[in-house]
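Comments concern the structure below.
Note that the chains are named A, B, C, D, E and F in the order they appear, and that numbering of residues resets to 1 at the start of each chain.
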């Protein structure tokens, strides 16, 4: 089991998530540590998070607009270098060719060398959007490296062939091989999560489940809070 | 390995299957035991089973009509509280957004607290419809709990947000953790299967493979016949 | 771990691959040995391989045309009994109903008893086309055996219900159970690969990765070069 | 305005309709006259007609099975040379590539020189299935003539490139140029319609609308009953 | 050319439009007159209008949320009995089966006897969403009358089979047969349009094109402002 | 009926066609005259023309590659400023959202003020690809003018909002209002057509149908050869 040293070679990262608060909850600690080391980190949320409400008394576009603002608030706290929202509907994300193409474009324009995303292969994943986001993020990897795939994407200023060299999968219990102590940055992680006011209206109280989850990961390596990952060998 | 006590908290169940005889073959014993305990059980077959013939001398709609009748016959024997057929074509079921929505509606109108379905993650599953039914049943779980997902479904009399709290996956050899002794109810299970006359034209003789399979499951826990499951932690 | 004896009952085989050089690289050794034994072997490539270039200075149809020619060249070297290309675009293969139907047709007209294909369940598979080809190859198995599934396919001269009886999955590290010593036929395997000049422009030098990979498989059974498979129980 | 002489060169015809009773109602008279002249006529119904009921107390597959039987009954009365049902759902027919391919196959295996179908361009057509059937029938014309379009269709015994040379559009009021006196064969037309018992349960009484419609067409040319068409110049 | 008497039998109407301001601009005068006569009028906008901005400095969900509010404001001014938004994306509306089903549901729950919608057959219609909305509105007519089409829609409180009996097509120059003098209600029409502040930021000044268009229609019948329609015979 | 003066304001044009030889045959004369006046003209072919062969003895990608070369040859003869091929399959073009987006991108990067395309509304059009190309070309017009539609397209160097101001529809007999005398440039038109050797293998002899068609158009205005158009009012 490796720790943060597994991220030693990361120089530029993109997080492909499904909903506006996924990055913060699933890898907000590691992202904070990467940013602190000077690594530009970009976030890409596939959906608008537009069914993310316990009550039905808000229209979906208004909820989506709120969540885009919360995303920006959290990104400022985390020091992200840029955020993207791919505009799909919450609860209905599919790993189709359109999503693949959108993510390939992000790989090409961010020139990230590292992607963090959901593990699409963990059988315990009950949220279909999580699996779809992770699957599409992996599926975009190969085509994005080929010049004949959607070549118009390479015309955008700053774009070049996909430069990804490593993959970290989160939200998984499958063959974990990286577990990072995030205790020191945990207050910042919580603050970023709490920027998603619509999701955690009672602040830290709404996040007890997260502290419990990160605490369980911490127990694996004998620290208070940790974030766990499965790496994937790519070529 | 748990036994029938794994079903202790079940008060209302729905079985999401692919073909008209799947419920009977895969979990007919447990269903019988649940019904005997007073639990309302609903069946949902995603396809019409309309290629389920060894000869090509019947038109598909006629076969489908036969199988709907056999479904009702078996349901009467089992004491089911209701049956649904989602109308898709046998051999061509896809876990797409339409199927997800249909199943979400059933979760909402049956108000089941428990779903039994195919394990979509077992790599040994050769039937694509089985995997599709199981995947869609899991994919519908999260959205069905959210009020902004297909809100018109909640207008139906008796409908409310999805109340599912547990998942039992059948037709799997992946990390089994429940194995229920169904020896006592086995004659009833066989009778329900035999109600599918089109599939088992020679009655019990056509079901030797099933007795063998349930017998192998029985060996795991030292009984004559058993049905095995994999539970899934949901939240 | 079985060796080539795992293929003892094979009398007629089809390889369902994604790109024009997959067969050669993934199971070219075993195919060579089957052909030597007199087994007719057919190849089916789902895509045209039309983004398979490191430079963007060729139009995709011209690349595809080149690769179809290279496929024929390699097939001649291997002694294949026939080649099929299903015409899909490289980097965008989906395991949808159309691909399923195309593969079912091949099962029916080749009357193969054995299929070799990509393992769609290996989580380490980074190429989406590989997973799609393998998934579709498995998904076509059941329907192709049923007379009411796409019955017009059975009108073609020589066609009959699918006769498949065994499945070998390649390009996988999941629960390997067959590993075949291909050392003796390795020069022929390399020659067949090198027939794909567009992919391996420097000949054997471009194939060092393959020799390394097959060498690692060889170490499992103490030989120089081997090809590894996962079998799948079907019914 | 031409009469039946517009059909003088017809030697082999196919009618592409949407529902099981469309042929009989829209061109049953002309079909009767063609058959009487020795012309083989084939019918192709795109949908199963499976929502064609005024009450909801029948399951759709049973209704479909009934209508397939009624189709055969009517075909026997009319002396058709063959009937095809393309299996789509009533009320949901789309002129997509799958339907186009199915119809192209029929053109190729029937070797018809003439197609009769719905006018997809008549703005007064309120039934979406009618427009879809007509559009698909026209869209299939060109591709079916090309050897590289779905070449496997040409493997079927008796199949050859599409031989269509003329198109008659029915169910239209757009620029009518053919109006055929069907008074003499009208009893037979009515009998064929009445074979669709599920649709016209009161026999001729249920068909007063049709007699009125055909009567209005008759008035155009001064006869009791007529069927009107719009021809289309094709190349 | 008929006037407002063409609407004499209307007792309950639904307007199927594409964007939040279409109803107001295309038939706001007639709607005002119907409401004044006591006719309940419902509006259904197929898209969110979420690309309806001349500048790119607003995120799409925020624009959509604004437009939903403007829709409600205009509806209050017009006295509509209810508004529906079907949630599709502006500039990308398709007349597919999902949209057909959504509109069929509205026909069934509003129990309207009259629909007003875009003419999908006018060749001068340059906006694809307009054509799509009109086409889907017509396509939904037949299926919505059949009990076996999406029968779960009939479970909603107040729903029954579609009761539509007449169709008025607007935004057309094809064979106009109704032209209604809306001069007296024109200030109200303009006020309703101006409720769409995002579209007409300069108020009446932004609507000179509309006054010109309605003025041209007025010239047909010798009044200041008119709205023109094409009726469609349905059965 | 206007002549070439209808093109007086054209300063930059794009032709949206379906197959590699459509531009040359349908409006090659007018294009020649525009280029001679210094107007940059771009061609966009939606399909590869890959079923455009009378014999089945060539593989489709090879045919496509040939036709791309022929397109370049013809473009050189005509003096086009650029050619685009959108890569769709011949005989299967659909006016879907992907094609709409591809064409919108071309409008934005060419900054054409005029588009020439197939009339999608002419009921005599038997080729489905022609109708699809024309429909998509019209459908892309509105969205391409909106900054929130596919905004990433505007990042490409040289791209800006769609600047189209006029539409000329060809291959139509519907309400023609422009007919241009192309007699003087006819040899050049024929030469451009003959550059499509695969289609017109016998040179001018293969083009007698075209000379006849253009001759009939010429008769409308009393010249030897003409090309006819229908303009469309856009806003």
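By our rule, a contact is a pair of C-beta atoms (placed from the backbone, for glycine too) under 8 Å apart; a residue touches a chain by one contact, two chains touch by 3 or more.
Please read these numbers as outputs of a predicted model, since none were measured by experiment.
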Intersection of the contact lists for chain C and chain E: A, B, D, F
Most widely separated chain from chain E, with each centre as the mean of CA atoms: C
Higher-contact pair (C-beta pairs counted), C-F versus C-D: C-F
Cα-superposition angle relating the copies chain D and chain A, to nearest 5°: 180
Interchain centroid distance [CA atoms averaged], chain A/chain E, Å: 42
CA centroid of chain A to CA centroid of chain C, Å: 35
Gap in Å, rounded to a whole number, between the CA centres of chain E and chain B: 45
Touching two or more other chains - residues of chain B: 50, 60
Chain contact graph, described as a line, ring, star, complete graph or other shape: other
Contacting chain pairs - touch in the sense defined above: A-B, A-C, A-E, A-F, B-C, B-D, B-E, C-D, C-F, D-E, D-F, E-F
Residues of chain A that touch chain C when the two form their complex: 96-97, 100, 121, 138-139, 141-143, 146-149, 151, 154, 174, 232-235
Residues of chain F defined as touching chain C within the complex: 48, 50, 59-62, 64-65, 68, 87
Residue numbers on chain C that touch chain A, as the complex places them: 50-56, 58, 60, 63, 90-92, 94, 123-124, 126-129
In the complex with chain E, residue positions of chain B that touch it: 105, 152, 155-157
